[in-house]
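Let me begin by presenting the structure, written as structure tokens, before commenting on it.
As written, the chains take the letters A, B, C and D, and residue 1 is the first residue of each chain.
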Amino acid sequence: MQAKFRPKEKIPVGILGATGSVGQKFVQLLSNHPWFQVEVVAASRRSAGRRYRDAVNWIQSDPLPEAIGNLPVHDSESDLPVKVLFSALDAGVAETVEQHFARKGHIIISNARNHRFHPQVPLLIPEVNPEHLKALESQAFNGGKIVTNPNCSTTGLVMALKPLMDAFGLEKVHVVTMQALSGAGYPGVSSLDALDNVIPYIAGEEEKMEREPKKLLGRWDGQSFREAPLVISASCNRVPVLEGHLESVSVKLAEKARPKALIEAWRTFKALPQQWNLPSAPKQPIHYFPQDHWPQPRLHRNLEHGMAVSVGRLRPCAILDFKFTVLSHNTIRGAAGGAILNAELMAARGELY
Amino acid sequence: MQAKFRPKEKIPVGILGATGSVGQKFVQLLSNHPWFQVEVVAASRRSAGRRYRDAVNWIQSDPLPEAIGNLPVHDSESDLPVKVLFSALDAGVAETVEQHFARKGHIIISNARNHRFHPQVPLLIPEVNPEHLKALESQAFNGGKIVTNPNCSTTGLVMALKPLMDAFGLEKVHVVTMQALSGAGYPGVSSLDALDNVIPYIAGEEEKMEREPKKLLGRWDGQSFREAPLVISASCNRVPVLEGHLESVSVKLAEKARPKALIEAWRTFKALPQQWNLPSAPKQPIHYFPQDHWPQPRLHRNLEHGMAVSVGRLRPCAILDFKFTVLSHNTIRGAAGGAILNAELMAARGELY
Amino acid sequence: MQAKFRPKEKIPVGILGATGSVGQKFVQLLSNHPWFQVEVVAASRRSAGRRYRDAVNWIQSDPLPEAIGNLPVHDSESDLPVKVLFSALDAGVAETVEQHFARKGHIIISNARNHRFHPQVPLLIPEVNPEHLKALESQAFNGGKIVTNPNCSTTGLVMALKPLMDAFGLEKVHVVTMQALSGAGYPGVSSLDALDNVIPYIAGEEEKMEREPKKLLGRWDGQSFREAPLVISASCNRVPVLEGHLESVSVKLAEKARPKALIEAWRTFKALPQQWNLPSAPKQPIHYFPQDHWPQPRLHRNLEHGMAVSVGRLRPCAILDFKFTVLSHNTIRGAAGGAILNAELMAARGELY
Amino acid sequence: MQAKFRPKEKIPVGILGATGSVGQKFVQLLSNHPWFQVEVVAASRRSAGRRYRDAVNWIQSDPLPEAIGNLPVHDSESDLPVKVLFSALDAGVAETVEQHFARKGHIIISNARNHRFHPQVPLLIPEVNPEHLKALESQAFNGGKIVTNPNCSTTGLVMALKPLMDAFGLEKVHVVTMQALSGAGYPGVSSLDALDNVIPYIAGEEEKMEREPKKLLGRWDGQSFREAPLVISASCNRVPVLEGHLESVSVKLAEKARPKALIEAWRTFKALPQQWNLPSAPKQPIHYFPQDHWPQPRLHRNLEHGMAVSVGRLRPCAILDFKFTVLSHNTIRGAAGGAILNAELMAARGELY
């Protein structure tokens, strides 16, 4: 793998499911991107043919980018004139549509859950398992490729675990999440369920959190993915927060370690995206805060444009070894931003052509 | 211990710290109480001499009870003309003031934390450890007595643990809380810290949750309290909910058990307050909900007038044996209501004279 | 009109649209009603045939009443075996279904907007215009009758205006609302639109508020309703509050008046429901608070079981004469509770047979 | 007044009251400012001597700027080594401290309310009344000067009124506000008062809103300020929103106008800050949205870095002529950002030396 990269000209890209809430986040983050140029927005047949600004119910606090607002909306089931497609599709249709485009030779950078456990599809966090991209060579999509990023609640957790695993080994992880409302999409959770309330359940979420880290922290052996031998217990709760998943984590390490060493591992953690200086990469992937009452969603979710993970409150756990608090931005690092960083890594490796 | 009881005439009681948020809850819950008559409200010197309605910044959603509103506010440091005193004092003054009144022969039913680990003071939940009241005989307060109730986040947890401990034995407890804002008192948490946010820290709370259950689930051996040999790990978070602490709990039992048996243990759990039909006792102390997304603070905190504990989501834990969700009302069952039930138990045992 | 009344036996009633959020409020408020017995719950064909407890997604904080939970759900389009029907139907179907049942001889007590301006249908608030019930004699529904209650934001406003109109005459009303989320039904407003936000628009609401008070404060001349000659300007906003509509009101009176006289008019206001002591009638329909920062939704919406209206902050208006703040519970007084009080008034007048 | 300006080197500035919530906003907005360099942060004696990062309880979601974090905190009552001082002082001390520094020759750009109605002190919004700066020549502070910006709820209103006044004349303004919690400072409003609630009162706010627009829209006659002959009625409410004041406004114009003309007046409005291209000036001071349900605090408060004002929902008012909704960012445009724009205007006019 070589050093810093800059494409000679911007790579044209498209967005599948562009009108939904994750699709809007792709539009927002890809507007003015130094490497990528959004040339195609696609959505369901109902929206097709209208201009994006008229088809979308824009709910982001940044204004709708002028140029993308003027694009015509393509039908997600028709042919699309760009090779690289970001997928913000609902799980209900993602499997069929993504495979369809992959078979037509497109490169799909997907945020959907459907192909995360496909035996040749990388489940990718560039700071964690960039070497999993080698699995792409085994993909048999007729020239196309599919790469996925993990569930929003998995991403922050695994980024915080990675330096610990590298330094001390990791055996058990107990995590309780307090997840933001935006994770449920739009309209998602009713305000009558959200205000002055916590919902102690998110369908399918605990299963994802107990499974995805094992693939992410595992390895590609040249033919298949080998899961890391972790024991994970996850409990997922929805809290009245707009953005930013907070997680109370307990871990059992393979080796004894002192708190200072864990903090050091987090603070010094750098990986390929930082070395290659990828455009969306946070300078420091993990920020450890010594303050008792930090990190907090409202204060720290936007750190490094929402791409950094915040950690705090490291202390002994009476049952496992240590406990701490993790925060990451669920719709940026945990969704659209994570997918874009995946694409940047692939571009830098020459895999988007 | 004998059967049902009704005092011949109402027992006159007082409230220390009556103008604060817990004090207001005492006022609300003791108004129209069938056994107790609030005759004295006491507060700091600043409020003394005014009528209660003028001294208090009433923030409850039930109107201020007419009769109590008209009472004059006594100075918490002067003599008080009733024997039984509920203490809603701040920890900063509770130790001195409660001991002062106990030494003058008063019976103090305290919600403050200061005497919870005094070697002769019961830390009491009537459904859990009524036999700890025997420790009162050892108290040397010159005729007075002090009884305490646990921290708001401890109460719900220990009530949910008690039937499991009785049926299967209990070895380890891992708990992550999502606690309501009212637990911090008034004005307590700033709205700028609360809205769209979670604060992953509550000063002193984790220590209380890791220690109090051991005394509550332990025993009085005639001379001292023996702690239950539990391992407890607690992580405490403040969420934007007005009332009702929700807790994600994992437990390791001493014996193997099937989920059905745990649910049965919760559903059939009855204790002295139910047998004696104490006025504030919930008919069913623990409600188990089979719905995936229950219990929820807004829906279930007021169950049985806020005195019942709700449990749901029982499922296997990959690290310990089982995990589940517990909810209880922090300012009723976890504070004023819990203290009043303590007083009712004492009254029924003839200990308030 | 005669004095106090009590039916010899409970009047059997049904609820149309019983599974929706307003329908649930009817279930909650009619459970244990001293005069009415819910014997029929009806909903769309999709729910019909199931037991109510299985068909409903119960979102009230009081538990689902046992007996009503066991009732089978009827199809809203089939025949129903009780004469009196409360209608919580959506406006999309209410017109057809209510007329259908009225023509079959049923008495419809409707919360839907569809018949509010039907030339023979009373738009009724028992404290405001009970004499409008005389219009029922003109109704030509083949023996059946329809009575409606106003929009949730209208009710509180008109109750606060009525004593002023009686005492001083009323010429102009300027009102800006801050309305609760529950007014939009369930799931209603997305949590992503509600948290940390205000939506300055509620479809159709301003039109209702500018029109309904004129009918309510007008008169029935024996043949048709004559609107009161008021000028009303309304601006409606949705705020992140669960229950309770707050309104900033300015008024121009026909006669000069001193602030004391307005307060006196509100405080002494009593009407037929109070004189007849109807079961759901608030003892004091309007509570005026002298405190600068009252009324507040969370503190005062439940006053008198949610049936009283709170008023505060009376002061001069530089443009009209006076301004003040009004609060009322939108799903109790402004919807189900208002309709039930309508039915109680009709029962007491002998019109439910 | 001449054209575009750029200082040869950055102007050193200080911040009085730098640790409070408005002070923090000054720090945030002045960090990396192209014209100003924060060299001094001052606060109460209690904080003096510590580094800013240690003295401040930083509650902004942007990280504390490194360089300013390292500055030592000066005592607000000692001598300060920069001429230009931004004042974020509490009203309780602002009068004395600001006059003290003005008399020592400092230029005070104040956000405090104390000198807003001083007969020689401009109450300034650069887009509205830049000519009021001429009053500075009359100030007799021994070489120093004081300039103030209006209350946070006044600023958005007056910016929306200014183009209407210029085009059609303005006679009456009726405004009801829904104001953000941040307007009350930190800790400010208790979360127990804020969640699921509206507080219909903000001390002193209605008086400010009824008076300040008259000075802002009035004129400096060479010797004194002449108020505009407006009639204003304001009602102020606090809603559970973090940032962004929303206002329901009704106006009576001097001349008849068609809605299109009002929208045109807003959309084409440009003033000195735009012509001179001041660094903090929004390109378009007023954004009019045709969408029924816009503007909304969460979507539009950050428009043009929080310096633009959003307007929407123009429609006829049955009592005055028109009504519409105004939104502006209360701690940026309505406080620190507004003060900074004032300083930029003064710098461009050569008045900061």
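Following the convention adopted for this analysis, contacts are C-beta pairs under 8 Å (C-beta built on N, C-alpha and C of every residue); 3 or more make two chains touch, one makes a residue touch a chain.
Remember, predicted model here, so these are calculated numbers, not experimental data.
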Compute the shortest path length in steps from chain B to chain D over the network of touching chains.
1
When I count C-beta pairs in contact, which pair ends up with more: A-B or A-D?
A-B
Roughly how far is chain A from chain D, going centre to centre by Cα mean, in whole Å?
39
For the pair chain A and chain C, the C-alpha centroid-to-centroid distance in angstrom is 48
Chain A to chain B: how many Å between their CA centres?
43
Contacts with 2+ other chains: residues of chain B:
59, 193, 195-196, 240, 242, 298-299
Where on chain D is chain B touching in the complex?
21, 59, 181-182, 186-196, 240, 242
Would you tell me which residues of chain C are touching chain B in their complex?
59-63, 195-196, 242, 298-303
List the residues on chain C that touch chain D in their complex, please.
172, 174, 176, 178, 193, 195-201, 203, 210, 231-233, 235, 237, 239-242, 246, 248, 250, 292-299, 312-313, 317-320, 323, 325
